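Two complexes are shown next, each including subunit A; its partner changes from subunit B in the first to subunit C in the second.
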Partner chain A sequence: MFLQFLFISSAFLTIASAVAVLLTKNIMHSCVFLLASLIGVAGLYATLGADFVAVTQIMVYMGGVVILMLFAVMLTGGKDFISRAQNLLGLPASMGNRWTYGIGLIVGLVFLLTNIKLLMGITKSLPVKTITNEFPSTVNEIGHLLIKEHVLAFEISSVLLLGALVGAAIIARPRKQN
Partner chain B sequence: MNQTVVSYLSQYEFYDVLLKLFGGNQGLLALTIYLLLGVAIIGMCATIGGLGTYAERKISADLQARIGPNRVGPYGLLQMLADGVKMMTKEDIMPFTADKMLFYLAPLLCLTGVFATLAVVPFSSGFIMADMNVGIFYLVAISSLVGVGVFLGGYASNSKWSMLGGMRGASQIISYEIPVTISLLAITLLAGGMGFGTIIGRQGGLPHQWFMFHNPFAFLATFVYFIGALAETNRAPFDLPEAESELVSGYHTEYTGMRFGFFALAEYIEVFVVCGVAAALFLGGYQIPGISIDILPLQAVQFVIFMTKTLMLYYVVIWIRWTLPRLRVDQLMSVCWKYLTPMAILNLVGCAIWMVAFDGQSIAEMILGGQH
Partner chain C sequence: MMSLASYLIISLILFVVGLVVMISRKNIVAILLGIELILNAAALNFVAYSRYVTNNLDGHIFSLFIIVVAAAEAAVGLAIVIRFFQIKETIHIDEATQLRN
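Take a look at the complex of A and B:
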């Protein structure tokens, strides 16, 4: 019952805020709803017993990505985005017109049906799992996997991040005066 | 294994009695225990936060040879209630051009972020809401909600002072998260786990068994953590987001009444949490010197020991605030990036080498082990 309660509230938070992200016209509000949606996803991970992934989700998105987004929006003038008359393609209003809605609907339907078809196959073949209150730790397993089997991917991604860091430092470096 | 307060209580016989009372519904019983304890812990920490404002004023008065609050109740102890009533009854003003939704949301985000950290604060070996395996990581992650709250508070007020304060607050919190997290990582290496139960379990009750004196690098890490944590809670000498000489009062300039009270309360509770983490990680937490058995009455002793250590650190935080002058913004950033972060990385590498070279023994173990 406890887990169902957690699952339903997380799922509701995720979906409701995802819809709110689309419906609101204020870009700052969109960012905040996105934050709520990402927290909901972390809650879904937690109900599945993936504690480390859940906390990493909070750490990366709440502590990093969303704050960065808020910074970027604020420094580039968030208020101007509310009353934009045209979008980037020159179409009236940012919400699109008859054609874009039509194309969006068709693409969405195709995507939905394909996904349902794929997921049906997977869910049917999975063994039925009963929900328990037992949560074994995933930290040790993830640590072992990262250092042993996936060490190459781990190292390559860390080199990539280091490169990004050095690049950012070079761009932000004060230039020589002359 | 992830331990919770429910799984701790289920060892004892009265849990079965309770379970019968709930008709054998374990989920409902767990939910009830969590709710009750959550209310208890939040109530306790809100009281500590309120008393923190009293302690702050009283200690600052002592340091500056003043008297401090002494009118409401004995020694002015009820000052916090008077403040609460005052804040509740004040007019709730919102700037005309403010962003309504975010203006209302910001103080709540701050408070939520701080209250969420209370779930893993180890008051005693049983009285910890959830002793997760990812305890410290969770605490660091969820407390970044405070940064979002500070930032949004500054943005939504639509005032230049608030804006500058909010930006300073967010950048400061993000920057200082790095040395703080790396220092915590060094302790994680020593303990071999991220849960608070694991970390405190590897320490003893006496000072030479604490992680602070485990090796020279851990000793340095203690101070790096404490300085970084001071900056993360926006306390002086790092209180630039609310520097009153430049920014009126920073990100909460436009807030009145209880909304301002939420920001203040969040700050004081966050200081308590940060001190609690320092006590748990570096100062042995709730360990009772010389006793390692675990029975229910001893939980109270553990609780008292943990609170004593935490509140002593709380005193140090207030003491620092009223002793040191405020840093400049550029000094703040150079302290973080040029001194604390390299030191934290050095501590991490040092602790790793120490664990390999000396087989995980602390200095005290090596000295005492040599005598036998």
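Take a look at the complex of A and C:
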């Protein structure tokens, strides 16, 4: 009962906030709606019994990615909101115009219909498993998997993070005054 | 109600919304928001399949690596956005027309 309530509220939060990201005029509000959508995804992870992934999602996205995006929005506000105040539809410049929205809606609808057609076939052919509602903790097993079977991917991801850190610091350094 | 199909439908809707955000917005930061939505849809699919189809936790591991890659991608992408703003003084995507100034 509680699980179903959590599932329904998380699904509603995820989808409604994602649509709000698409439709909001202010880019700052868009970032905050993205944060709400990611919290909804973390709730969906919790309903699937993935406790470690849910907590990691909340920590990494709330503490890292969305804060970084808010900093980027604040550092790059500038003349964009003044000189390009409106476009053809009378919307702010960050919203795109009627052509981009039309093309986006057409592509989205085609993708949605083809994937629904695919999902019909997949869900019929899957084996039906009986699911218990007991969720044992996955932290212990994930720790063993990370240092036994998936240790190569673990090390490669650490190298990737180091490279991304150094690369971001080099790219975003202040310009030389010449 | 809570079956594999419902999770797949939620993930599909999240993916399509992210795709439409990427195509239709003109702000570079908004395009990065669309990329985050798409990555989350993929990770949700992995965890759902891990619970309802297979019996191991490999889907959780893959989802964790997707979160790691998303964080690295956001760091580098936002550094590029800040650099682009230093040069062009706008983050409108139509202004990005040359590789070097």
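We take it that the second predicted complex is superposed on the first by the 131 of 178 C-alpha atoms of A that agree within 3 Å, B and C clash if a C-alpha of one lies under 4 Å from a C-alpha of the other, contacts with A are read in each partner's own complex, and residues count from 1 in each chain.
Just so it is clear, contacts are C-beta pairs under 8 Å (C-beta built on N, C-alpha and C of every residue); 3 or more make two chains touch, one makes a residue touch a chain.
Just so it is clear, the structure is predicted and the values come from calculations on it, not from any experiment.
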item	value
Contacts of A:113 with subunit B and subunit C, given as first, second, both or neither	neither
Partner chain in contact with A:166 - subunit B first, subunit C second, else both or neither	neither
Greater residue coverage of subunit A in the superposed arrangement, subunit B or subunit C	C
Touching partner for A:15 - first (subunit B), second (subunit C), both, neither	second
Partner chain in contact with A:48 - subunit B first, subunit C second, else both or neither	second
Contacts of A:175 with subunit B and subunit C, given as first, second, both or neither	second
Which superposed partner A:3 touches (first subunit B, second subunit C, both, neither)	both
First (subunit B), second (subunit C), both or neither touched by A:147	neither
Subunit A positions touched by subunit B in one structure and by subunit C in the second	3, 52, 56, 64, 71, 78, 138
Residue ranges of subunit C touching subunit A (in the complex, touch as defined)	1-2, 4-10, 12-21, 23-27, 29-30, 32-34, 36-37, 40, 43-44, 47-48, 50-53, 57-58, 60-61, 63-65, 67-76, 78-83, 85-87, 89-92
Complex contact set, residues of subunit A against subunit C	3-4, 7-8, 11, 14-15, 18-19, 21-22, 27, 30-31, 34, 37-38, 41, 44-45, 47-50, 52-53, 56-57, 60-61, 64-65, 68-69, 71-73, 75-76, 78-80, 83-84, 93-97, 100-101, 103-105, 107-108, 111-112, 115-116, 119, 122-123, 126-127, 129, 131, 138, 141-142, 145-146, 150, 153, 157, 160-161, 163-165, 167-169, 171-172, 175
List of subunit A residues in touch with subunit B within their complex	1-3, 5, 26, 28-29, 32, 35, 51-52, 55-56, 58-59, 62-64, 66-67, 70-71, 74, 78, 133, 135-139
Subunit A contact footprint on subunit B (complex, rising order)	1-2, 25-28, 30-31, 99, 101-102, 105, 132-134, 137-138, 140-142, 144-145, 147-148, 151-152, 155, 163, 167, 170, 174, 177, 193-194
